[in-house]
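Both of the next two complexes hold chain A, though its partner changes from chain B to chain C.
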Partner chain A sequence: MDADSDVALDILITNVVCVFRTRCHLNLRKIALEGANVIYKRDVGKVLMKLRKPRITATIWSSGKVICTGATSEEEAKFGARRLARTLQKLGFQVIFTDFKVVNVLAVCNMPFEIRLPEFTKSNRPHASYEPELHPAVCYRIKPLRATLQIFSTGSITVTGPNVKAVASAVEQIYPFVFESRKEIL
Partner chain B sequence: MPGGRVCAVCGGSEIEVDAARGDAVCTGCGSVLEDNIIVSEVQFVENSGGGSSAVGQFVSLDGAGKTPSLGGGFHVNLGKESRAQTLQNGKRQIHHLGNQLQLNQHCLDTAFNFFKMAVSKHLTRGRKMTHVIAACLYLVCRTEGTPHMLLDLSDLLQVNVYVLGKTFLLLARELCINAPAIDPCLYIPRFAHMLEFGDKNQKVSMTALRLLQRMKRDWMHTGRRPSGLCGAALLVAARMHDFRRTVKEVIRVVKVCESTLRKRLTEFEDTPTSQLTIDEFMKIDLEEECDPPSFTAGQRKLKIQELEKALSKKLEDVEGEISIYQDEIENELENSRPKAKGVFANLTKDESIEDNTASVFGEEEAEDEELEAAANHLNKDFYNELLDKDRLKKNEGRECKNGNETPVWPPALESLLGPLPTAASLGITESIQECISTKDRDHNENTGDGELDLSGIDDTEIDRYILDETEAQIKAELWMKENADYLKEQKEKEARIAKEKELGIYKEHKPKKSAKKREPIQASTAGEAIEKMLEQKKISSKINYNVLKDLNSKGSSTPKKEDDSTDDSSNTKKLSRRKSTASRNIANTINSMGKRLRPLISTQLAKKAATEEVTFPDSQTEGPELEKPENVLVESGPVSYNHDEEAEEEEIEEEDDHCMSALQLMGGNDYGCDMDDDDGY
Partner chain C sequence: MSGQKKCPDCGSSEIVEDAHYAQNQLVCADCGFILTEGLLTTTFQDEEHLQEVTYSRSTGQNEQLSRCKLRGIKRVQDLCKVLYLPAVFEDTALSYFQRAIEHPSFHLVSLEKKEILVGCCVFVTCRQHNWPLTMGTICSLLYAEKELFASVYLCVLKELELDVPALSLTDLVKTHLNSFKLFQSSASVPAKFAEDKEKMVARTIQIVELASETWLVTGRHPVPIVTAAAYLAWQSLQPAGRLTCTFPRFCKLAGTDLPPPAHLRLKELNDVLLRMASQLAWLRVLNVDKKTVVKHIGDLLQHRHFLLRSSFSSGDTEDQSATAAGDGSESSPQAAGGSAQAEGRHPGGKQKCSSVRRPLLPPCLINPRKRLRTAALSPSDQAITGDEAISDSEIEQYLRSQEEMREFSKAQAWH
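Right, the complex of A and B next:
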């Protein structure tokens, strides 16, 4: 309906999750002992390392798989992942930075109007599900994009998707539906 | 075949039907038209007490009835398939729960239908049956519009509401059933009844309903639990009609927290409707609608934030001005300060340091103004502190801007200020340098194969991430202390495993479902063992027992009715769930048959477990030596086995691995002798 208002909407990316492999076995004990900002969880077999510069928390397994969370953009995520790999290299492991992939992106968006949730749910039956007893938001899934949106009655929308593009297109897709069920401000 | 109408032979229509003999005979030509007519009359038997009762069985509407047991006397298994059992079990639970919720029969049947659909779509796999059943019931409640909440169900089951909710959502999605949204108005009659308003129940309910509708229009109900809204509406309605219902009573009925209720009341208070009197409310309905409370709260927050920003900006400006004044004052003071000598010589050194810091700041000033402002702010604070101290010391209320005090005061200031801001400023300097430092240093130290692109990575910072030895030691100690319990457990476990290994008992504990434990069958001959095993085993509906019986007696050559059945079990301990035709089958065939039994046995052996390989050849040697295997076998009677497809599939796979070796064993061993012992039964 209002295509131009997409430009006006600010989509704030709050979290980007990515994974990469180091293609070598990592000795968690050594990392735990010599790293300055690590938490060693021996019972589950992983090490949490937190970086300050891009604010990132990385979970490191001994198989060499690493998951990074907390970045605010895809580039930052990659940057942080590379830094992490560099740190591991310095600790003495033969690290090879491969299979970098962004797995999940979480973004927040604000609509300038409120939304009538029961009406919205009725008109978007299979995709939208609303259980006020359990959660105050409507959960809308877009299958082809593999994105999930949580729509609150205040007009704030939380989107999660596999990459930033999917998130953006999800917001674009949902806008007309949400616009239909908006609450007119008198 | 219309036996009752016209005779096929002579065409006569006089046909006599004799019920006693079950015949239909034509009286014209005497030809028997029908034999063994099936009669659908009720039969009666006489009881011991002299009374008579009808013969027959009750058959259930759904699911297979009990299979008649042949020969009787054997352990009758339920005989049903797993699916039927599941459905029956589910039905029972649904009825049990439904009765507690006072659902009518129609609802229960619908719930059972949902359950059947869920089972056919394999949604019960991996979920607790109780959860699925609760979800089915709640789905029915929603579609029918009964005033049951998910909370009620979770109360009954003592399960977390969100867990149930998850299952419910999944079920609704998979079954493509759209549950209509909850309307809080549905709950009003129920809660009103529980609050016991007596005669005025109707009136109070109506008032509460109107209140609720008002709330809906005022946007209080979106995203909120309907029960909370109901509670608030009922409370107000009760008070309006002079019922003294306290918050606690309402809470107990409605199941929300006290603070929630109060919050709803406050929100309602904010709406213009609350200003109306009772009578006015009944008559008038205000036109305007309000924003949802969370929205207004959000707006308020935004406003406050903006205000804060504006304020802080102003503050900064003011600070900037103040710092300017401060600098000017400082300059003035320095100029007017007499040169310090002797005791104060040291202090002048501090002064120079301070100058350095100032100069450092000067460098960065162009680049980073904020930091400077912050540092100045710090300075200002220190100045203020010192001012206070000096005032206390000197007991003079005058500002130190006066030149009179300057000779004594500046050195003190400097000495105090000297070290402090320097540390701070140095710290800040470092980070400033970091931020500003070029990010284009390329370190090409990475390993050749590693595709690690190091552009933009600052090695020095990364070096700081690595602890040196003493730090590492300290950290190791700390971690050990933290995780002492876990480490202890691990050690004990290892010790235990080591011990077991020594004793040779050590076994890899695989997370397998434990097989049913049976007592090991003590038997001297294979036949006895089979017999005992059969007693323990269960009957299946897939074996043609008659043919097996024939096998015993005649030793004929057509054993196979069960193609899939695995054979054999001399020792049934390992065999808990397999179909087994007896090895008596094999014994028989060995005794009586010719070479064509070989392939028979090999295929049968193919399905044998490895553990039996050892025992089997032994039993084989014994087999032909049995004097009367026949008798033994007759006594054991028909084979009973368990028909359990799923478990069997697993085991068949295992057995296939050993088929070759079993075959070899058989081929190499005594089978040859057996052939010679053919007695020709």
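Right, the complex of A and C next:
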């Protein structure tokens, strides 16, 4: 297998986290009373609301800030966020859907080979950090993309980054390094 | 004083030696004339015999640094003394500590974290000089939790931008075995259990190298592997009397704890040794199983390079060796150079022997973890843009009706 050959690696996005603001104060008690599928956490001052169709969990604060997690793509995250804003509108609040931003994307990718972690760490010194006593994977940070990759010896790689494009380019960047330290199983 | 001195002024011979503010003088007792004065400052010769007081032990340091820093510095020094570290380590650790404590991210942390910071600086110093110190040791010395230590350690590495090389297993073996109490017979250790240190260390190192070549070490905690390897080495040096001794009993004799993953590592090591033994002709005949393989560890380790090579390329050896009996003896997983050789050796033999003898694989491939994969997005889902219109009926499902609200408030009223 040549590193330059076209290998189609499927990157599976498992989670997309986004935030938006409603620009108005929200009465959490009212939401907890009149909304279905809500959990009111009075001690920390937030309401958890779960949507069904895009499977999303939203954390709502009384200041009007909302964080949505659980989507599997950026578009789905926006889809769910807008539905949530509409629900809050129906409950009677003067909601304006603003400042929508995708904050974090988590993806998983599988390499078709095993990886020698000590060798990989040695050849990628400042970016890679490997502490077998703490965690079985190597933590590799790509500063310009603000992405973090966790590389396991089985070949599975977990990537987190600010958006889907950053995640895809992080995987592209790491592939040649990981390919160098692979183990051939015949 | 040789010869009687006379006062030049009054002529009396009553000369006394007096100390005026620590300055020795020869004074005439009658008129008070000073004959000679001592020197206020010491000469170079005098200073040769002075005892040097280090800055840290003088009071000068106390005045310049805050109490927190002073305490931390003392703790670093104490820790280095307890671990018998060379003086160079202490200086390096002190410099790291002083840099770290100045850093804003360590200003308002709890006292517990400041203690752990001390341990982190010592730990980093040891790792940089390739001194085998494990986090477990430091945590037990500091009475700290491992998770907190881990977070402070990673923070220190990031803030001070330090580079820490990997832990060397060979050194760790030597240090860890030093703490075992098996090397002379005592009240708790019968004579047949006592073992020579050099032999045991050498054999344990060989077994640990074996483990690292067969993917038992990557990503795993190092101490259980060393413990399991030590147990196997100890048993194999005198199998006659020691086969009946169990792993927990061995650890109690040696005076160390038995870490939970060590049982799994022992099992994996046994599997690997069984595979190796299957390659040796005279062991195949003996029908070795996991209990008796210990007796043959010496032989296996001696021929480990060859045995590992052949076990990683087990397909070929079946074709080539006529006596390919699938006894299941353990092949030595010493296939470090196995992959290179294996390529040339067996073009397609793997499929043939897959039922009898599969090639030596890392444990993660033998027991693959079942992954929960979410279903792929349907075409309609993939066409989501995020800006579609929202119908009222869709939103109604998330709102309670009037009766539901009444029921809910009634239920709440009972709280």
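What we mean here is this: the second predicted complex is superposed on the first by the 179 of 186 C-alpha atoms of A that agree within 3 Å, B and C clash if a C-alpha of one lies under 4 Å from a C-alpha of the other, contacts with A are read in each partner's own complex, and residues count from 1 in each chain.
Quick note on the criterion: a contact is a pair of C-beta atoms (placed from the backbone, for glycine too) under 8 Å apart; a residue touches a chain by one contact, two chains touch by 3 or more.
What you are looking at is a predicted structure, and each value in this text was computed from that prediction instead of being measured.
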Item to check | Superposed partners chain B and chain C on chain A - clash or fit | outcome: clash
Checklist entry - Which holds for A:E172: it touches chain B only (first), chain C only (second), both, or neither? => result neither
Checklist entry - Of the partners chain B and chain C, which touch A:R42 in the superposed model: first, second, both, neither? => result first
Next on the checklist: Contact-wise, after the overlay, does A:T154 reach chain B, chain C, both or neither (first, second, both, neither)?
Outcome noted: both
Checklist entry - Thinking of the overlay built on chain A, is A:E75 touched by chain B (first), by chain C (second), by both, or by neither? => result second
Checklist entry - Just chain B (first), just chain C (second), both, or neither: which does A:V95 touch? => result first
Checklist entry - Where does A:L12 make contact in the superposed view: on chain B (first), on chain C (second), on both, or on neither? => result second
Checklist outcome for this item: chain A residues where the chain B and chain C footprints coincide 33-37, 51, 53, 79, 82-83, 86-87, 90-91, 114, 116-118, 121-122, 125-126, 129-134, 136-137, 152-154, 183, 185-186
Checklist entry - Tell me, which parts of chain A touch chain C in their complex? => result 12, 14, 33-37, 49, 51-54, 72-79, 82-83, 86-87, 90-91, 114, 116-118, 121-122, 125-126, 129-134, 136-137, 152-154, 183-186
Checklist outcome for this item: Within the complex, chain A is touched by chain B residues 149-151, 161-162, 165, 168-169, 172-173, 176, 178, 181-182, 219, 222-227, 288-289, 291-292, 294-295, 298, 446-447, 449-454, 456-457, 459, 461-467, 471-472, 475-476, 479, 483, 486-487
Checklist entry - Touching chain B in the complex: which residues of chain A? => result 32-37, 40, 42-43, 51, 53, 79, 82-83, 85-87, 89-91, 94-98, 114, 116-118, 121-122, 125-126, 129-134, 136-137, 152-155, 183, 185-186
Checklist entry - What residues on chain C touch chain A, complex-wise? => result 134-136, 150, 153-154, 157, 163, 166-167, 215, 217-222, 312-313, 339, 342-343, 346, 350, 359, 361-362, 364-365, 373-374, 377, 381, 384-388, 390, 392, 394-400, 404-405, 408-409
